[in-house]
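Both complexes below contain chain A, partnered by chain B and then by chain C.
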Partner chain A sequence: MAAIDIEKVVKTYGAFTALRGVSLTIDDGAFVALVGPSGCGKTTLLRSICGLEDIISGEIRIDGKEVTDQPPKDRDIAMVFQSYALYPHMSVSDNMSFSMRLAHAAKELITEKVGYASGILGLGDYLERLPRQLSGGQRQRVAMGRAIVRNPKAFLFDEPLSNLDAKLRVQMRKEIKQLHQRLGVTSVFVTHDQIEAMTLADRVVVMNAGNIEQAGSPLDLYDHPANTFVAGFIGSPAMNMLEGNVVRGDGAPRFVLPDGGTLPLPVGADLADGAGVIFGVRPEHVHAAATDDGARATVNVVEPTGFETFLYSTLGDTEVCIRSTDRLAFRPDDEIGFVPDPEHVHLFDPETGRRLN
Partner chain B sequence: MRSNDRWTLVLLAPVFLLLTAIIFLPEIWAGWISFTNYRLGDPSRFIGFANFEYFLTDPRFWNALRVNVIFVIAVVTIQMVVGLAIALFLAQMKSPLRFLWIAMVLAPMAVSPAVSSVIWRYLFDANIGPLNYFLEQMGFERMQWLTGVTTAMISVIIVEVWLAIPHVVLFVYPARITFPQDLYEAAEVDGATAWQKFRYITFPLLRPAFLLALVFRVIITIRAFGVVWLLTKGGPGRSTELLAIYMFKEGFENWRFGSAAAIAWAMLIITILISSYMIYRMYQNAFVKQRKDA
Partner chain C sequence: MAGIRSSNSLAKRVLSALILTVIVIWSFGPIAIAIVSSFKNQRDIFTYVPTVVFEPTLGNYATLLDEWSTFWRAMGVSTITTLGSAALVVLVSLPAAYAYSRMARPAFAISALFLIAVRMFPPIIITIPLFPIFTGIGLTDTPLGLIFVYASFMVSISVLLLKVFIDGVPREVDEAAMLDGASRLKTFVHIMLPQIAPGIAASIIFVTLFAWNDFLFSFLLAGTKAKTAPVMIAEMMGAVGEGAATWGTIFAASVVQLAPILLFVWLIQKPLLRGFQSGGSGK
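Let's turn to the complex of A and B:
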């Protein structure tokens, strides 16, 4: 177990810059998820920690020891690949013990470690099988077993669940979390699925275009997104974001949409009169009112899912979503009032995208 | 019989007819001749195993067998090792020039063996050949490439290896490029050195393709004739006289078709024994093991 320190890491591929001076500290025993859209640099960062990519500049330390220029084998880390990368000609037990056999470990020790890992993962009955005779979930477990056997300082996961079907993905997600709770090994998990990141990790790092946009606990990111990118990326359906201006009249300042509709601003938002602002509110923090209070929207689609109902509507020229546990009785083309809960409004600077409140 | 099967037979029939006409019938004819004192034009007479007795007691046969064994072992070993090395080198090349390299490596296949033999005979020529010219330029002595007892053997081995390397590359290279890169990354994380990656990952995975190439090369090399015939005619003396050359000389220089046919049959039996043993081993290795797993 070990902490991982990443300092100003830069990586380029020809003219393309994959990492633009990324810095991140991963605490000992933490479970960190790197999440972001394709090409954001999350996998490159993971592979740089692993040593599979040579970085241009910056420094990587594992357990306080600098490893920037060291090959993967000297970093004492284990990686679970997206494709699992199991050796197709080796049995499950040989796959798991390959690193130990290369290191000329004693036979008894190998048997013991493989027994331990396969016990945890429920692979005891499959040790003599070849990878192709296993199901997707079992292969996934073998890949993790290969990591566990090594007793490494950190586990690195590169989108390990993306090749599984939806049901199995949820199950393996739970197993990975239990595994981390049981072993307590520092883990870094790359995924493009924000739900996976939120459910697994104690710390989520949102990346975009080679930069870290925000790092924090899942709920911190959800409740206090630092900018419009994180606000839009975390949460599904995405946060509603409306562009408009602040109007300070006689009473409390209000947010005015280009078409004249107004919305209440949160208490304490200190904004100049006429200032442009992006008004963000999550679908569950908006009520659909029958009255024409505030801003008006036109219903496009109603999606009842049982527990919740999603109401997709058009407000001005923006598509907005309202999420309610009430069974809303609206129909397409109905006019509704878009009533946000002022306590849960996020304000962003339209120029920089940064959070204002 | 389903109508599909019948159609299969109908469509395959021309191939079987052709094989019968140019392989099976001549072999059977040769088999008959091997038991007669057949000479061109003369009526032949059945003489039992006399032809076999004749060549089995002929020291030239034992010399040819010895030369053949050395030739096959040397040629096949060198071409398998070099072919494997070249295939692996090509597979790890990332530059777009790789395709130029592949074309260069495969070039010997595009040239007729007879033409390449003539070119090599010129290269090897003791007086005007470029090889000796360069040796001399570098301060070495001229070599009697095709006229020395040992050097002639080395020379024919070189040419045979050169000709057949593309064949090995064609088996190994396509197999190698199908292996996913992340297997090697996983091995790197597991702590494997370059040699260990080859030893424990690349080679075991290449084995089916490699063994198939080996079987082909052994079968083809056992009955080698053309290149060696064109380069040395089996000489100097009998130092490069392979079984096929010995057989050819028996038939077309000494006009003993009976014993030539008997030698041909002996070669056929040797080839069938060796290749069926190798195919059996390969089958055991690659397929039976898999089936047991499944």
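Let's turn to the complex of A and C:
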């Protein structure tokens, strides 16, 4: 187990810059998820940590020791690949013990460790099988077993669940979390699925275009996104974002949409009169009113899911979503009032995308 | 209905049996004649219509053993040159194929084209200028010289073949091994080699067939002291006219020359096919 320090890491492939001076500290025993769209640099960052990519500049320290120029084999880090990358010609048990056999560990110790890992993962009956004789979920477990046996300084996961079907994915997600709670090994998990990142990690790092947009606890990111990118990326359905201007009349300042509709601004928002602003509010923090309240919107689609109902409507030229645990009785083409809860409104600068409140 | 169908399928079966018979006679006829004739007395070999029933004899093999030590020497040279060139080809083309597959550079792509281009020249064009060079460095008429020629001729195809096999091993499997603590060399030995074994076997088969059966290079570059079996057999055919050799002995010699290669292909085909079926990625 170890802490991982990443300092101003830059990585380029020809003219393409994959990492633009990324800095991140991963505490000992933490479970960190790197999340972002394709090409954001999350996998490159992961591969840089374990030495599969040579970085152009910057520094990586594991357990306080600089490893920037060390080859992967000397970093003592285990990785679970998306394709599992099992050794196809070796049995499950040989797959798991490969690293120990390379290190000339004692036979009894190997048997003990493989037994321990296969016990945790429920692979005891499959030790003599070859990878091709296993199901996808079992192969995934072998890949994790290979990591557990080594007792490494950190586990890295590169989208390990994306090759599994939806049901198995949820189950393995839970197992990975339990595994981390049990072993407490520092873990870094790359995914493009924000739900996976939120549910697994105690710290989520949102990346975009080779930069870290924001790092924080899952709920911190959800409740206080630092910019429009994080606000739009975290949460499903995505946060509603409306562009408009601030109007400071005699009373409290209000948000005015281009078509004239107005919405109340949160208390304490210190904005100049006429300033452009992006008004963000999550679907569950909007109330659909049958009355004249709020901004006017037209219902497009109603999606009842049982526990809650999603109401997709058009407000001006923006599609907005309202999420309610009430069983809404609206129908397509109904006019509704879009009434946000002012306490849960996020304001962003339309130029920089930065959070204003 | 049933009657029509069965007569229909009978006709089909007769036809396919007929086609198979033609193919078998076509491919195995000459071999069968060589094998059968090697057990015939001189007077039975060229009778027309060929005799099917005859008194078998081991006399031709006895003559070959007693009087043709030069043939056995040529067999020895063939064995050494074949094993040597197969070993050299594998030794050279494995790391080359690994580099082509795993360390791709633009320059490599151009040189890969060159690998194919080399194969397009008629062998004789390469052989003739080699003669003075070989004489200059003392490789003419030596098994080592032949090994170099065979190997350099087969390395290109072997590199391309092995590259395809190495390409088939997912890079992530290499990377997993490196993270497990293996050096590049250990990854190659423990992870790569077992997975590309069928490719290595296929490459060995190509080189072996080529080197064992070659006539041209051996005839031109090693016609005297390092004569190989095919050249020797041709020489024995020349000796028939002078009454120094008999056709029976020549047939016996060709069976002896054929046997090891048949045995080799038969032995290697099973593990090779098994390898092809099970080989590939860990997915």
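Quick notes on this structure:
Keep this in mind: the second predicted complex is superposed on the first by the 357 of 357 C-alpha atoms of A that agree within 3 Å, B and C clash if a C-alpha of one lies under 4 Å from a C-alpha of the other, contacts with A are read in each partner's own complex, and residues count from 1 in each chain.
Here is the rule we use: a contact is a pair of C-beta atoms (placed from the backbone, for glycine too) under 8 Å apart; a residue touches a chain by one contact, two chains touch by 3 or more.
Quick caveat: nothing in here was measured; it's all calculated off a predicted structure.
In the three-chain model built by superposing on chain A, chain B clashes with chain C. Touch criterion not met for A:176: it reaches neither chain B nor chain C.
In the overlay built on the shared chain, the residue A:71 is in contact with chain B and with chain C.
In the superposed model, A:161 makes contact with neither chain B nor chain C. By the touch criterion defined above, A:133 reaches chain B but does not reach chain C. With both structures placed on the common chain, the touch criterion links A:83 to chain B and to chain C. Legend: residue contacts after superposition of the two complexes on their common chain; A:103 is shown touching both chain B and chain C.
Touch criterion not met for A:201: it reaches neither chain B nor chain C. Annotation: chain A residues 50, 52, 71-73, 77-79, 81-83, 85-89, 98-99, 102-103, 146, 150 touch chain B in one complex and chain C in the other. Here chain A touches chain B in the complex through residues 50-52, 71-73, 77-79, 81-83, 85-89, 98-99, 102-103, 129-130, 133, 146, 150, going by the rule given at the top. Listed in rising order, the residues of chain C touching chain A in the complex are 170, 172-173, 175-183, 186, 190-191, 194-195, 278, 280-283. If you check the complex, the residues on chain A that touch chain C are 50, 52, 71-73, 75, 77-79, 81-89, 98-99, 102-103, 131-132, 139, 146, 150. Contact residues on chain B toward chain A in their complex (touch as defined above): 180, 182-183, 185-192, 196, 200-201, 204-205, 293-294.
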